[in-house]
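In the two complexes below, chain A is the common chain; its partner is chain B in one and chain C in the other.
Up next is the complex of A and B:
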């Protein structure tokens, strides 16, 4: 079983990824896919007069400020626009995909963060109207039911809060939770970088292997969105996933390349 | 088995409907729900600078003009915003709902209409860039797989065209196809009218029973969106659904009232 996270960046070649996925499935592999939609979210939010606003937690993690209006746009873009587009594309390529958000069947559940401690312009503040949270439970039965019936689940945030409201959750950490819950052999995180870089502006500085026990040393190289990826990777390994591979989504056969350990392998 | 279509009008009380559905499910009934999102579609389309444009076919049926840009907004609003909102609400009320669009697992499939013959300002024209179509196949296995595993499917358009593209399909006719494919005892169509009216502006002129064999006489009373509902009802009965009930979605316990034959019963 492999779990594949497809990044939501602008340069991602969805057709190349799903074509490669089809080959893996034809070879007898089982897969679950999770995707982002960051680039589309920016476009639609701006069209609706509600441009994205990022916030930084006191511990230094960046995330999207998700007020009541933003979570509705989030649902539209992630579960509506991008998920439907990807499921239709999968069908055109011969993959019998079923799109799910984390709300469906309570697939991804957890508490909403009621008070976010953030730093803005050097000042500490508490945000109380944020609709984001953290995943504590994965409905593995729903995934197995669909997999056993021959479908490939194609999953998108939001998740479902303990109070039954849609909440924004990080896609990389969602992928890690799903991989852990399924006991996957591999979690492949495809995005618009070749992996973890020593210098984020120089793709030749790729770190090719990271030992989980020495993860802390490498986390200093992770900036911005890469911070959540390394956090998710550590969580996945700690919960029994064989290996996590950060790999390039912008090339042909990106899954095949990732399986050949071209990227950053964490184990 | 009952199939329930929830209209997409402005005055629909979703919570009253899903609360009533929960009671039916607790009483041992199995159900599949299909919903519209017409009112939300109008709001979001206007916000995105692309107000809805209706077209009338040469045979007198009104439908939404769905160009490439509109189908993307349609996916966002139907499969993203409204479906996610309803699935989350269902979970808050104790219903283990799974949201699906017709694209998922090829749930609703059929040909895209490549040339629409329409009348505009008295002139006949052919529209070739419309992304709408008609359902010919329902993936009943996917619905049964989910029902057997204890989930309540909550379905929204779009459907999947034979070429693998999302297409706009009428929600009432989709509900009729699903009810027929499942061999449902009853199809309940809830909307913001009490049923089929002799005079559409006078709710006291409700037609309480319609014999399918005499349907043609009653179709003259159906105007605008009601035309598709009567067409869907006739299709459902012809394919073996026990009865179709048009009923009021704006009241408490709307399903219970419909089951008591308060509305228009077609059989």
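Up next is the complex of A and C:
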């Protein structure tokens, strides 16, 4: 069983990823896919006159400020436009995909974050109207039902809060939760970089292997969105996933390359 | 410059002129993290201690 997270950045070659996924499935592999939609979210938000406002947590993690208007756009972009288009593309390529958001069937559940501590303009602030949260429960029965019936789940945020509202959750950490809940052998995180880089502007500085026990030493190289990917990777390993591979989503056969450990392997 | 008392230890807090609602401060005496609930009048309370988390 492999869990694959497809990043939502620009330059992601969705067709190459899903073509490769089809080959893996034909070879007997079972897979669950989670995707982001960050780039599309930025475009659509700006078109709707609601440009993204990014906030930085007190320990340096950046995320989208998700007020009431933003979560509506988030739902439309992630679970609506991008998920639908990816599921349709999967079917064109011969994959029997089912599109789900974390809300559907209570697939991904957890508390909404009622108070978020951030740094803004040099001040530490508390934000109380953010519609973000974290995942505490995965509906594994639903995933296993779909997998056993021959479907490939293709999942998107949002998740479902304990109060029954859609909430923005980090896709990489969602992938980690799903991989752990399913007892996956591998979690592959595909994005628009080859893996964890010592120098984020130099793709030749790829770090090819990280021992989970020495993760702290390598986390210093993670900047921006990579910080959350490394956190997701650590959580996945700690919860029993065999290995996590960061690999390039912009190339042909990206899953095959990742399975051959061409990227950053964390175990 | 505004002034208020720490609700935990009673120490006087010295607050800047650019104080805003929602700002987080630390009491210099007891180290408690405080939240500015309002600036007119100045009202502070103990800030919630919650595990950090975020979305996409």
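Please note the rule applied: the second predicted complex is superposed on the first by the 267 of 267 C-alpha atoms of A that agree within 3 Å, B and C clash if a C-alpha of one lies under 4 Å from a C-alpha of the other, contacts with A are read in each partner's own complex, and residues count from 1 in each chain.
Everything below uses one rule, namely that contacts are C-beta pairs under 8 Å (C-beta built on N, C-alpha and C of every residue); 3 or more make two chains touch, one makes a residue touch a chain.
These numbers come from a predicted model, not from an experiment.
Undergrad: Would you sort A:132 into first (chain B), second (chain C), both or neither based on which partner it touches?
TA: Touch partner of A:132: chain C, not chain B.
Undergrad: Applying the document's definition of touch, where does A:123 land relative to chain B and chain C: first, second, both, or neither?
TA: second
Undergrad: If you stack the two complexes on chain A, which partner ends up touching A:232: first (chain B), second (chain C), both, or neither?
TA: neither
Undergrad: With both complexes overlaid on chain A, does A:149 touch chain B (first), chain C (second), both or neither?
TA: first
Undergrad: Now for A:164: first (chain B), second (chain C), both, or neither, which partner does it touch?
TA: The first partner, chain B, only.
Undergrad: With both complexes overlaid on chain A, does A:63 touch chain B (first), chain C (second), both or neither?
TA: Once the two structures are laid over each other on A, A:63 reaches chain C alone.
Undergrad: Identify the partner contact of A:194: answer first if only chain B is touched, second if only chain C is, both if each is, neither if none is.
TA: neither
Undergrad: Using the superposition on A, tell me which residues of chain A are in contact with chain B and, in the other complex, with chain C.
TA: 78
Undergrad: In their shared complex, at which residues does chain A touch chain C?
TA: Residues of chain A touching chain C: 8, 36, 38, 41, 55, 57-59, 61, 63-64, 66, 74, 78, 113-117, 123-128, 130-134, 157, 167-171, 228.
Undergrad: For the complex, give me every residue of chain C touching chain A.
TA: It is residues 20, 22-25, 35, 47-48, 50, 52-56 of chain C that touch chain A.
Undergrad: With touch defined as at the start, can you tell me which chain B residues reach chain A in the complex?
TA: 44, 47-49, 72, 75-81, 83-85, 87-89, 91-92, 96-101, 103-106, 141-142, 145-146, 149, 151, 158, 160, 163-166
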